[in-house]
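Several structures are given next for inspection.
The following pair of complexes shares a single chain, subunit A, combined with subunit B in the former and subunit C in the latter.
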Partner chain A sequence: MNTVLRVIMLRIGQALATAAVLASLCFVFVHALPGDLALRVAAARVGDERVTPETADRIRREEGLDRPLIVQYGQWMGNLAQGDLGRSLLSGKPVKQELAYHASFTLQLGLIGWLLSYLIALPLGIMAGFRPGGVVDRITDALAVTLASLPSFLVGIGLITLFALTLRWLPPAGFRTGAHMVLPAFTLALSLVAFSIPVIRNAVVEVRSAFFMTYARVKGLTPAAAFRHHGVRNAAIPVVTYAALQFAFVIDGFVVIETLFNYPGLGELLVKALIARDVPVIMGAGLVIGFAFAVVSLLADLTRLWLDPRGLEEARA
Partner chain B sequence: MSLVLEPVRARSLPPSVWPLAALAGLALTGPFLAPQDPNAQDLMRVMEAPSIAHLLGTDHVGRDILSRVLAGAPHSLGLAVLCVALASSVGVALGLIAANSGALVRALIMRLADLMLAFPGLLLALLFAGFLGGGIWPMLIGLKLALWPQYARMAEAVATSVLREGHVEAARLAGFPELTILKRHVLPSVLRAVMPLATLGVGQAIMSISALGFLGLGLKPPTPEWGAMINELLPFLAEGFVQMAAPCLMIFVSVLTLTLAGQALASNSTGRAQ
Partner chain C sequence: MTEAALTISHLSIHDRSGAALVDDVSLSVPRGGVLTLIGETGSGKSLIAQAVFGLLPAGLSVSGTITIGGHESIPASEPKRLAALWREQIMLIPQEPSAALDPTMRVKRQMALAGLQEEAIKPALAAFDLPGSTADAYPFTLSGGMAQRVLVASALGVGAPIIVADEPTKGLDSDRVTQAIAALKRLSAAGRSLLVITHDRRLAEELPGELAIIRNGRVVEHGPSAGLLSAPQSDYARTWLAADPRHWPRCHRCCDMTSLALSAHGLSFGWPKGGMLFEDLDLHLPKGGVLAISGPSGSGKSTLGDILLGLRRPMAGSVEWGGLDIVAMPSAIPPLRQRYQKLHQDPITAFVPHLTFARQFLALEDVKSGLSAARDLPPLLERLKVNHRLMNRRPCEVSGGEAQRLALARILLLDPVAIVADEPTSRLDPVVQRETMQLLRATVDQQGLGLVLISHDQPLLAAIADEHLALGPRA
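And now, the complex of A and B:
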């Protein structure tokens, strides 16, 4: 139980550290940008033409921008600690509301893409691992290297050209119907497959050469039964570890794929906010992504402990 | 220079490393090979199909695609190399310092590396590029911050194990100064381990730089960077397939070459054939 608690504490600590670093970074950037901050906020609120020095002064007093930097920094972090992310400079809506709307789209795309990638990678990886150096192994290896050398926007452009522009089976962009999900989800899945096939394949190869597998065969189990009863769980350990690491790679995938397909997820929100320098939204999106990363890592840690209780034993000893 | 090249003597190199020379040549000579001015617009000839005058056609403002692809090589390839060179030298230096110092400094450097590794890398580059408004420097700084920890971890691990070996002990007993030992005995092993990582890293950096260009957060237009070209050509995908294919293929072939070379170098240095 101790280990589980320690793992949870570690990941919470990681999430808090990420949040603190990100929030501080945003604060520094906001104040380091050239020009008067109050004037910029005023311009974003009432429009460029209608800004007067008076509005800027009013905003300076209202928002406390005339106070010492250290006090403002304390306030910035204090608001954040209370869960107050402020309002978007662009739309004027609360950042929380914007994040909740876009996060649901990213979650859908992410889950479907991730499931799809394992539907493709698991059978291929296991088949390749059962016969290292065989035909399937060589084909999947070439496939994985090729996909690993393709940035996700190239995969996406290829799929759009083929299925939307040439065959006209699917819509090229948008988000209204299920058909809109197909191309972005496949793009994400194919970028993930590039890295999960070799991991699954190596895990299977490793497990199959283990002594306990030889023993299971000697005991009289068929290769398939031996793998089902003794192999799967052991092979799953590195795969689960990797699935969490993969999430870090997925993040740039989201940003790029959502922008390419005009899909209203967190990544697209982040890019739009970055281009418009909408700082509260940038920070909010960054925080959500950072937290999601920590949560996924935590889930992976716990799954790994469940699959491989030796981790618990070692900690106790 | 000899120090860097020494661990990778030519005769021990696997054959898939040689195509890298072609990439390097392209990055160095690309702009001089361009048949036309890559930024010269011709609004009478927009989105033209390939012809003798424009071998790969023209883009939406009538610029020659072939010239732009060639002129883009130093931006897309050169910057990636520069980025990895910066990140790996900082990483190796910090890793060596960590391996050679007391518990406190070592813990400080390595925990910082762990923290940075836990932070999604491209997000950092995106934030830098977004806040500082694109251009070369924000991108380089952002990517460098994201990339150095893996080199630091590798350098620290290799240096620590080498420092425990007999020949290092012998050199120390023979009275060689610590810095000479580091240079002669530790650095070659570290560089041998870092080389495959850096080769793969350049491929990753090409993808990150072109992704930033594609998002409109990389190099400023009209710089002919491949990712930015794809961003500009995307609305005209239906009319200009060849034009779009050109920068896409350049990115794919470059990254593939680097991936294959990196994998070959890695299995070469560990002696593990998979």
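And now, the complex of A and C:
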């Protein structure tokens, strides 16, 4: 257990360092973009038509954007060390508050969509894996290829047209009630399912062809019992890694789906912040997303270690 | 003859090209009796066992019938009906221990799932000299020999009246072979009927009952074991019996100690909870020399081989590849990796499962510049007596012995300086074993490469090695 604990501490340290580097890269890239940063902030605050060079200069002075970049960066790092992510150049609200507000929406929808995708993919993938080349396998394969090749906004528009506009069962956009979540969650789930079904199916096929599965049946286990005892755990090892990757992919927002359903998630926040050159928000988002990515992959590694004791020996070495 | 427990009649097995792998074989195991099948690698003897269980690989077509116990005859082409008799009527002791155990489940639970009572597990293991801690171990921490014994122990805990043992002594050292033979005799004495497939001559000699020699898918000779062994009728049976390593001429060779392919000094290694396997070990492998490493099952032979190849770090000591210490300088390994190669104990698992051999050999051209599989491979395959048709098969479609020769061909294409061969012929019958060993020895002599030969087969090592390093029993 000691080894595991040490690995965890090490990985969290690495995660924090990675997140800080990611945030710094955001700083560099935003400043490397062509155009006057203060002018873009001003345009976002007062509107494109009413912006004047004077407004831009005032913002430049007020927000300290005229200071040398290294000073601005140093101040940001100094504040970060005290847990302060600064204020948004656009709304003036603390970045922490902005991030927390939008992240809670993204996490909520992301988690539901992700869980929903595995509720769909696991039974289908397992059924397909049990009869490779069978009816279920061919149907899910066609489904996965179709979904993978359709952009998610098309899937979303399709769902809106059917369930919101034609059948009028569900609201087309917004975020106030549970019913608002259904369509975006399904759209997200379907775009994840396209890739997870083949992964699950292949893991099941591979495990089922392992000799220890055949031997378990020679020992007297029924095919179902052999799969329950020996198959599930072994097949879960690659699936867990893939599922974690998909979850990590989901937590940094799903811009297209959020925009389509007018949903205030992280993706939407980031797009707005990028257009307005809202440096503190962009850096804060980089920091949070980078750290969350690392934590999810750490959790995936721990789950894998728990499933597959062979990894523990590697961790010790 | 008494009533048969298991009857195989007119069994034929053909591959996709229509070639007969097993040709009209009819055999039977008397109730409570023993039938031993011996024969060379690729002779089809394991296919017969697989056919009895309905476990033939896809792509093979089969005809003939199997009759088990008092049940009606079942066509061998109906595996589902045969599967209905598993465990209750017929039980398998499989050939590949590492593949038959679930890598992620403790031994204890796997034995419990085979139907053993919780309290019966440790005595069952102890009967095969396995410590009680084996019950809590994961299969990957066991040596090949230990895993084999776990399988035998759990198979014997199942009450099926017919037991088919496919190479039950493969990978076991001499003491364990004695135990395995005793266990099989015990089963026979308890009234179980045994079908034993082996190329282990000792097993064939010591088991009572009948013996059948299989060659090219046909029964060459069949009769009571004692009579057949003392007075073989066919030429092939005589050749087979004469191929025992104990009868080989001893090989002495003066080695040039100044040019070493591989050496190691002060090596120590132990498992976190298992005590030390070996300490302060020195060894030298000259170019053109064969160094034998022997020791009982679990004594760390394979681990030492991995350390010499830079696949595992020792706790202390150095390993020199042509004078470069790869323990102190792991960066020296990648450029030399191609020239320090391993011949594995489980040859089939050393290949990518779903690609044909032809494609896997072709892929070597990306690894080694100047290599042409089309030019270099055919003469090598001829020397190794590998049928070129095997190149279009996948690893699961060849026998263990064929896979081992293909694995050797793959290594020789890389022009190695040193090869660590881990029980390279433990899965081959004596005739092919001698050929393979002679070939290894000839390659060592001609190309001046160093060979580390890991085995528990003392007569074999004595016949082929220049130097011998014995690892002690496990503390």
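Just so it is clear, the second predicted complex is superposed on the first by the 249 of 317 C-alpha atoms of A that agree within 3 Å, B and C clash if a C-alpha of one lies under 4 Å from a C-alpha of the other, contacts with A are read in each partner's own complex, and residues count from 1 in each chain.
We take it that a contact is a pair of C-beta atoms (placed from the backbone, for glycine too) under 8 Å apart; a residue touches a chain by one contact, two chains touch by 3 or more.
In this text the structure is predicted, and so the values were computed from the model without any measurement.
Between subunit B and subunit C, positioned on subunit A by superposition, is the outcome a clash or a fit?
clash
Check whether A:Phe212 is in contact with subunit B, with subunit C, with both or with neither, and answer first, second, both or neither.
Touch status of A:Phe212: second partner only.
Now for A:Asn79: first (subunit B), second (subunit C), both, or neither, which partner does it touch?
neither
Using the touch criterion from the header, give the chain among subunit B and subunit C with more contacted residues in subunit A.
B
Output check: A:Phe29 vs subunit B and subunit C. Expected answer is one of first, second, both, neither. What do you get?
first
May I ask you to decide whether A:Pro309 touches subunit B, subunit C, both, or neither, giving the answer as first, second, both or neither?
In the superposition, A:Pro309 contacts subunit C only.
After superposition on the shared chain, which partner residues are touched by A:Thr259: those of subunit B (first), subunit C (second), both, or neither?
A:Thr259 sits against subunit B, while subunit C stays out of touch.
Return first, second, both or neither, reflecting whether A:Pro151 touches subunit B, subunit C, both chains, or no partner chain.
Only subunit B is touched by A:Pro151; subunit C is not.
Let me test your reading of the model: by the given contact rule, A:Thr222 touches which partner, first (subunit B), second (subunit C), both or neither?
In the superposition, A:Thr222 touches no partner, neither subunit B nor subunit C.
When the two structures are overlaid on chain A, which partner does A:His230 contact: first (subunit B), second (subunit C), both, or neither?
Only subunit C; A:His230 stays clear of subunit B.
Which residues of subunit A touch subunit C once you look at their complex with the stated criterion?
Subunit A residues touching subunit C: 210-212, 214-221, 229-230, 233-234, 237, 307-310, 313, 316-317.
Given the complex with subunit A, which residues does subunit C contribute to the contact?
So the residues of subunit C in touch with subunit A come to 53, 55, 83, 86-88, 91-92, 94, 96, 99-105, 113-115, 138, 140-141, 154-155, 158, 272, 312-313.
Per the contact definition, I'd like the list of subunit B residues that touch subunit A in the complex.
Contact set of subunit B toward subunit A: 115, 118-123, 126-127, 129-132, 203, 207-208, 210-211, 214-217, 227, 230, 234, 237-238, 241, 244, 248, 251-252, 255-256, 259-260, 263.
For the complex, which residues does subunit A have touching subunit B?
14, 17-18, 21, 25-26, 29, 33, 145-146, 148-154, 157-158, 160-161, 165, 248, 251-252, 255-256, 259-260, 270-271, 273-275, 277, 282, 286, 289-290, 293, 297
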